[in-house]
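Quick one: the structure is below, and I'll ask about it shortly.
Labels run A, B, C, D, E and F following the written order; every chain starts at residue 1.
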Amino acid sequence: MATFGLIEYRDANPEVRAVYDDIMATRKTDWVNNFWKALAADPALLKRTWEDTKQLMAPGTLDPVMKELIYLAVSITNGCPYCVAAHTVSARKKGMTDAMFHEMMAVVGLANANNRLANGYQVEIDEQFATAKPRTL
Amino acid sequence: MATFGLIEYRDANPEVRAVYDDIMATRKTDWVNNFWKALAADPALLKRTWEDTKQLMAPGTLDPVMKELIYLAVSITNGCPYCVAAHTVSARKKGMTDAMFHEMMAVVGLANANNRLANGYQVEIDEQFATAKPRTL
Amino acid sequence: MATFGLIEYRDANPEVRAVYDDIMATRKTDWVNNFWKALAADPALLKRTWEDTKQLMAPGTLDPVMKELIYLAVSITNGCPYCVAAHTVSARKKGMTDAMFHEMMAVVGLANANNRLANGYQVEIDEQFATAKPRTL
Amino acid sequence: MATFGLIEYRDANPEVRAVYDDIMATRKTDWVNNFWKALAADPALLKRTWEDTKQLMAPGTLDPVMKELIYLAVSITNGCPYCVAAHTVSARKKGMTDAMFHEMMAVVGLANANNRLANGYQVEIDEQFATAKPRTL
Amino acid sequence: MATFGLIEYRDANPEVRAVYDDIMATRKTDWVNNFWKALAADPALLKRTWEDTKQLMAPGTLDPVMKELIYLAVSITNGCPYCVAAHTVSARKKGMTDAMFHEMMAVVGLANANNRLANGYQVEIDEQFATAKPRTL
Amino acid sequence: MATFGLIEYRDANPEVRAVYDDIMATRKTDWVNNFWKALAADPALLKRTWEDTKQLMAPGTLDPVMKELIYLAVSITNGCPYCVAAHTVSARKKGMTDAMFHEMMAVVGLANANNRLANGYQVEIDEQFATAKPRTL
């Protein structure tokens, strides 16, 4: 028994088309990728995910390309093939050079190794690294 | 039955002390944290890990603070409490502001969610994202 | 160097207090737990996370207690000690009995084992399980 | 160099056929999927895994469809493509509707994000969530 | 609200005591660790888990100490603090020397790094590594 | 937009060819697999990764085949399809028999299940498992 298919623009209802239009306008493209077309099976999910992605990946104190490097680092660590393929492309579109990619990969490999060394050697957190006490906003 | 303890500077052999000295010189500190003191149980591991960390986290096309943000993103994704505690501190030392931390956290949360959406909706990789053909070096 | 502390109600600004009030009203409690007090370091994150949590964990086709069991299963799989502790308590508040907990745990153990068997034996996806073709909304 | 192949019914020895027969009888199908045909390379593993799966996924305090939702949530979190494909189908067979699937996905996304927020903000477990003291059986 | 406590021998019912006795007899100890005392909240789970552990960790083609190294490698990769602490001890009891531990840790670090390199560089599986065709039992 | 391709021997610069030659000499093969050809996009990464792999997977207190079993266990736990395919082949080349593979798989399944049981039942680390105090080298 099948699950969900991809909702193509021509088959989408107005609610979904509105999101597709915003994606294409924001990303300056004329097509919508499979991730969005799959989420469209649940329009509320599509809308919420797109709004979050648009907001949280936008320029901030961190440049969009830096945010993509972080997003990629997470996706690579988790082993999500779709996300790695898609975000490697969007990272390049936002300015990721080969050098940036290789340096990010080197850090990702190092961190994934060192995380396990800390686990295996059961390293206790130093006093100097203890979290701050509460403070006033 | 116990495992390994932390090797304090005063108890370390010359090979280990040499690494400790380099850590403190490079990081401009007068102490060595528990991660290094635990790895010292295997001096070859300590040396290799320190050399890699020093090299791969050094300034490159990416600033050291950017590299720390990536390292943190991986450690948070994997749930390594020691690494999160230690690298939150070193990231701040290298210039991470509150705003940078919050923005990185927002991307880490988003990516960890979206990775699973891609898995659960079984999204197929678009043609446009297929990997490049081989090329000449 | 420290990171963020917990923002207590008495130290919170109006934006944060509004979220705290809504949490306590929704959950019918007179206190706010550390997760929310920690996220308050980034009020936009606190607000977004609370709104999502409130909406997505609310009664739907799935009962709140079923949603908590799913949330727990994910947190246990990822090994997040805070989330496991907190959500075991909220699951009980929403009606999780000992029997439900044990049955969920049994499935979580089984799935985590079988996922790796599928990986290790490199099992190819059967034709009968291929994803559906696109369809009209 | 190859690894293991799939053991088809016609090529299976009596011990494996007995398990295949039980799978088909229990699931009311006339075929055995690739997961079982791959595990058959180790008949003891096949038998043990089938017995556990049959027992732990059977109706209990939790309905079989609820158990499938939990199993799916774990498989999606871990990123096991085979398990997601296969169990999405078995979940539907046991009564999972679109609405149930979407709600489960929303919780899975939320939990995977919030788990990392708890890690990154290094949230300390509240006193009120501490585990119970021992008790008499 | 609390969850489950640890079931002490003196408070255990006959079914649980029988498992505790078998654990102590098999491991030649006079005490039962917290993992078993916690699982005892669900006697069927305790029994099933102990039977599997006893059977699968027993001497086979692989020595018990080799099996413990594999078990440790998994627990370290997943970041389960309890399992790492407990199985480091049982591995030593079964003959794990410092050298064996350090070599296993080195491989665990390397594999966790290389797994992500394969993900990030989106490496396609070579023809020579394709899985075998089915074969007769 | 594409990412990196595989660098074939004939297209490789002298630095990369030197690594390829060493791989083939060490492994007694006449071809280089896709993992190395992909890493060659960053010659420093290729070199560092090959040197580590060659050194850490070499005979030591643990036989090469034991090291491969550990490497496989990690790759299966993480769900890296490339690594599982490639290392299942190299493990066989180094002497892994069917029996060894099945026994490793059984331990991997068990450990991945038990890790989550420890998480879900929030098992506290026993006094007897506490890590050793520091010691002199």
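A few points about this structure:
Assume a residue touches a chain if its C-beta (ideal position, glycine included) is under 8 Å from a C-beta of that chain, and two chains touch if they have at least 3 such contacts.
Every value quoted in this text rests on a predicted model; they were computed, and no experiment measured them.
Counting C-beta pairs in contact across D-F and across B-F shows that the higher total falls to B-F.
Chain F has its Cα centroid 27 Å from the Cα centroid of chain A.
With centres defined as mean CA coordinates, chain F is found 19 Å away from chain E. The distance from the centre of chain B to the centre of chain D, each centre being the mean of the chain's C-alpha atoms, comes to 33 Å. With touch defined as above, residues shared between interfaces to two or more other chains in chain F number as follows: 1, 3-4, 6, 41, 45, 49, 52, 77-81, 85, 88-89, 105-106, 108-110, 112-115, 117, 119, 121-122, 124, 128, 130-131.
Arrangement of the chains shown, judged by which pairs touch: all-to-all, with no pair of chains left without contact. Taken in their complex, chain A has these residues touching chain E: 72, 76-77, 79, 81, 84-85, 88, 105, 108-110, 112-117, 119-122. Across the interface of their complex, chain F is touched by residues 79, 88-89, 92-93, 98, 101-102, 105-106, 109, 122, 124 of chain A. On the side of chain B, the complex with chain F involves touching residues 1-8, 11-13, 16, 37, 40, 43, 48, 52, 128, 130-137. Residue ranges on chain B touching chain E, taken from their complex, read 1, 3-4, 41-42, 44-45, 49, 78-80, 131. Residue ranges of chain C in contact with chain D, taken from their complex: 3-4, 6, 31, 33-35, 38-39, 41, 45, 49, 52-53, 56-57, 60-62, 66-67, 69-71, 73-75, 77-78, 80-83, 85-86, 88-89, 97, 99-100, 103-104, 106-108, 110-115, 117-119, 121-126, 128-131.
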